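The two complexes that follow have chain A in common; it is paired with chain B in the first and with chain C in the second.
Here is the complex of A and B:
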């Protein structure tokens, strides 16, 4: 049973602020993804939790005890590194058992625990090999076993699958999720891949420029982004600058509800929330490009005012390049001053 | 097509082989032949009388044995001292930041770019006033200076090549800073460091200029003895036998190196 709480954690590198003071609470057994572009501070935050960076200010509480000044070797955390960071001069067993050896366990005890950890990651017969004799995926499994064998309170993963190919990444991610659920281990997972975050996380922390933009479940983050950054960063989004007049925005031939004061605003619409209805005589938006993704079609339609709608439909919807359609929007968000001022969801 | 191209390659290869035989194998072979020749008169292609007579003569000389002992003692001392001084320095160069670091690193190179003989002479003059000429200590110091470049640059590169994440991973599973060095950094860097130690030993063993200018005549190493024998003796065999004997330690060293180090260590150490 382990919880992780960050209170006012901040980090300065010289004059540069890598992390603004932030707070985060992660429940026992939860898998939380830190998601953001490079330079957003997500890795710095993970390294602060792991003890590899000292926060400039704030507290890192694991089960209520502040470990912000504790060196990594004394923390109940274990980290899976992006480069797997296996020790090439040791066998797989040596790698996994090293932490136990340092703890002064006897050989039979170490062997039993190492075997259990290796079987957990599906590498039972690989103990005598050296890392150089393993594939990329196997190395990352060893790195995971090396962490799990120590029964850490918090498991940290720093873009662990970034160097693997897509297929392998999907499979390993699924396996990690299964193991994590089975062990109920509290996990912080850093990634810059939104698919990865959406598919694996209980909750996602979206970060940008050293700040937390939004914390929420994948569904919340996807359907109800709270800032333009989140709206634009996760998934495809039509982000359109517009002017609101008398409670509505006219954009790309569509009238969108916006019962707020007149003035500039930013409207966000998901491509799958746009439907194209055929029009007879050259009215509405002209389809200028259709890209087939198998299950879905991605369409670009240019409206009379020059605005371009990105639309996503199921593959069987008949759409013709060059023909005219009237776009209708079932869900939209209005942002002003980087905050949501109005939101319309389908009934 | 394949046949044609491979034949052309063979032709080129044979060319290189001939070149190597003429300039390397033949001279070495001549020395070997002389070492086992008791008589070799012109114009015979091979020695006219074979035997080990000169081996027993050389081995019976006390100056050979004392020079051998001196050389081994000198090489061991220099290698050990160089390791004690240079390895911590190399680690500092690789892992820590301090003002003048790159200037310091370059200074070792600069010293080596300087004409060696002139450098050694000026050091010898300095040593004269310090009463170090003709002493074991003096030779050790001059040889130590010779090894600095090798023993700092190679291990620095080796320590640098150990990834930070690997060290952090060790911290993460509970290793203290010292344990990280002992169980991760050092073993990772070891092949290259071993190569540097070995080269230091071999260089010191075979070095002549410094040993001669600072050590002679009281400190006599094997190469100095060999020079003396080649220069002052009418009998070629003494020098030849000593050459072959001198060849043995480096052969042993190279064989050991292949076991411990592996082929890529030198390349790695040089940043390859």
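Here is the complex of A and C:
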């Protein structure tokens, strides 16, 4: 089991900077998700760790040894690709055992390790099949087994479930998490799906424009975003521009504490941190839309000043379209100059 | 209109659509070919009527000159095929895995012969590599005076056929290589494979289909060639193309020319069968 450290790693493609110099330390046995939109540099960073791209600068340390200039075939890493990347002319056993064959293992040794790897991913009886005879989920399991059988120090996963349907993705994600915990293998997982990152990661690295925006546990990232980008990118968020006067901001009929200097600011409020209280005589915000998501309702309520509150409540809370409610906010964050200047958490 | 009636109508439309080309092929290709083949087997008797005879085939397979010509044709075909793949595979690999202006220039150069008529290629090669041609003059300039021209040797047609066959070979190989994803190459590197191992264990098996098609199509084209061997090759022994031509027009022996053509056709049809089998055995998605 191993640690991974990135020191001032950067990447330039000609005049374009794909990665600004960044640093990251991933502990032994940790599963870290690189999360960000397209073009954020997460896949480039993963490919640098795997050796498929050379960094323009910086060090990639695995257990203290710099592998930044080492080709992929000589690195103690293994990558699961988004497109499975199985070799169609080989059977499942052939795909999984290919790396072992290259390492000079004898046939009985290869067979035993291949069987164990296939058993780990639940494909014991599929060894003689070819990839074309497998479903998408089964192919991705084979790709995972092909990596695990080599017992790499670092497992890299590049949006491995992107091509699968939601149900299968959820199931495989859970299975991968269980296998990763069981083996205790240090894993870097790239995804652009926030749900995927929040549900699987020990820590999330949120990236944007080739920079790390924030590193933290899923709970920290969700409840305590440190930049407006993270606040807006992870989950739903009411992001409202406002002017702070005398230590408070008035937004959509709600007074929010903001004990900072007067001036422009950005206030972020999660929809589930807004509660709607019925009011008589048309006061407060008017509910203009309710969408039922089964377990929860997602509501849009328009205040008298035109501000629109996005609210999330449990399905049992009685809310009526067209009726008026007073929004109350239990948690909010105030950003200025892309930094948190004030935060209010529920007591 | 019922679904069955519509289906029947569409079926007739389809048949009508292909009727003209199929009829043309039958009248201008299959019919004369069948006549010719039957003509080598069914011969008129002296006293009238016809009799089945393999005499012309017996002659061919007992005549040392005919057999030497067949051997030379096979030699030229196999050597040209091997060299075509040996020359084009590295170019195709370079073009598949390299991006940039140099790859585009190489692609343009490699595909250039496609736009040059065969007779022009022949004369250009004679002027270039023939005795006292440009190549010999250039070599003389640098002090090399032992140049032996391949023109009118067995290597003459080989060089011309490689030139002629390059574009088709390259296009098919590039097409096959483009089906190999970058990720599958990277996955092989990831598990520890070096460049040679990737070529042998990943790329070559993945383009077997393309290699088969290249081999079959070039075999058909080379084996029956008349122009290149006629212009660039020796006259004794000679390839089947010029041999047939000479037997028909100079020796004026249409029976023996038809027999040579039938034997050539039968050998080429083996390559044709390999091609058809390769096409029909494309990998099927049998997802369970």
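Heads up, the rule we're going with is that the second predicted complex is superposed on the first by the 347 of 347 C-alpha atoms of A that agree within 3 Å, B and C clash if a C-alpha of one lies under 4 Å from a C-alpha of the other, contacts with A are read in each partner's own complex, and residues count from 1 in each chain.
We take it that a contact is a pair of C-beta atoms (placed from the backbone, for glycine too) under 8 Å apart; a residue touches a chain by one contact, two chains touch by 3 or more.
The structure displayed is predicted, hence computed values, not measured ones.
**Student:** Both complexes share chain A, so when I overlay them there, do chain B and chain C fit or clash?
**Tutor:** clash
**Student:** Just checking: does A:71 make contact with chain B only, chain C only, both, or neither of them? Give me first, second, both or neither.
**Tutor:** Both partners, chain B and chain C.
**Student:** Kindly classify A:133 by the partners it touches after superposition: chain B alone (first), chain C alone (second), both, or neither?
**Tutor:** second
**Student:** Between chain B (first) and chain C (second), which, if any, makes contact with A:198: first, second, both or neither?
**Tutor:** After superposition on chain A, A:198 lies in contact with neither partner.
**Student:** Between chain B and chain C, which residues of chain A are contacted by each of them?
**Tutor:** Residues 50-52, 71-74, 77-79, 81-83, 85-89, 98-99, 102-103, 143, 146-147, 150, which sit in both footprints.
**Student:** Mind pulling up the chain C residues that touch chain A in the complex?
**Tutor:** Result: residues 181, 183-184, 186-194, 197, 201-202, 205-206, 208, 283-288 of chain C touch chain A.
**Student:** Touching chain A in the complex: which residues of chain B?
**Tutor:** Residues of chain B touching chain A: 163, 165-166, 168-176, 179, 183-184, 187-188.
**Student:** Help me check something: in the complex, which residues belonging to chain A touch chain B?
**Tutor:** Touch residues, chain A against chain B: 50-52, 71-74, 77-79, 81-83, 85-89, 98-99, 102-103, 143, 146-147, 150.
**Student:** Applying the document's contact rule, which stretches of chain A touch chain C when the two form their complex?
**Tutor:** Where chain A meets chain C, its residues are 50-52, 71-74, 77-79, 81-90, 98-99, 102-103, 132-135, 143, 146-147, 150.
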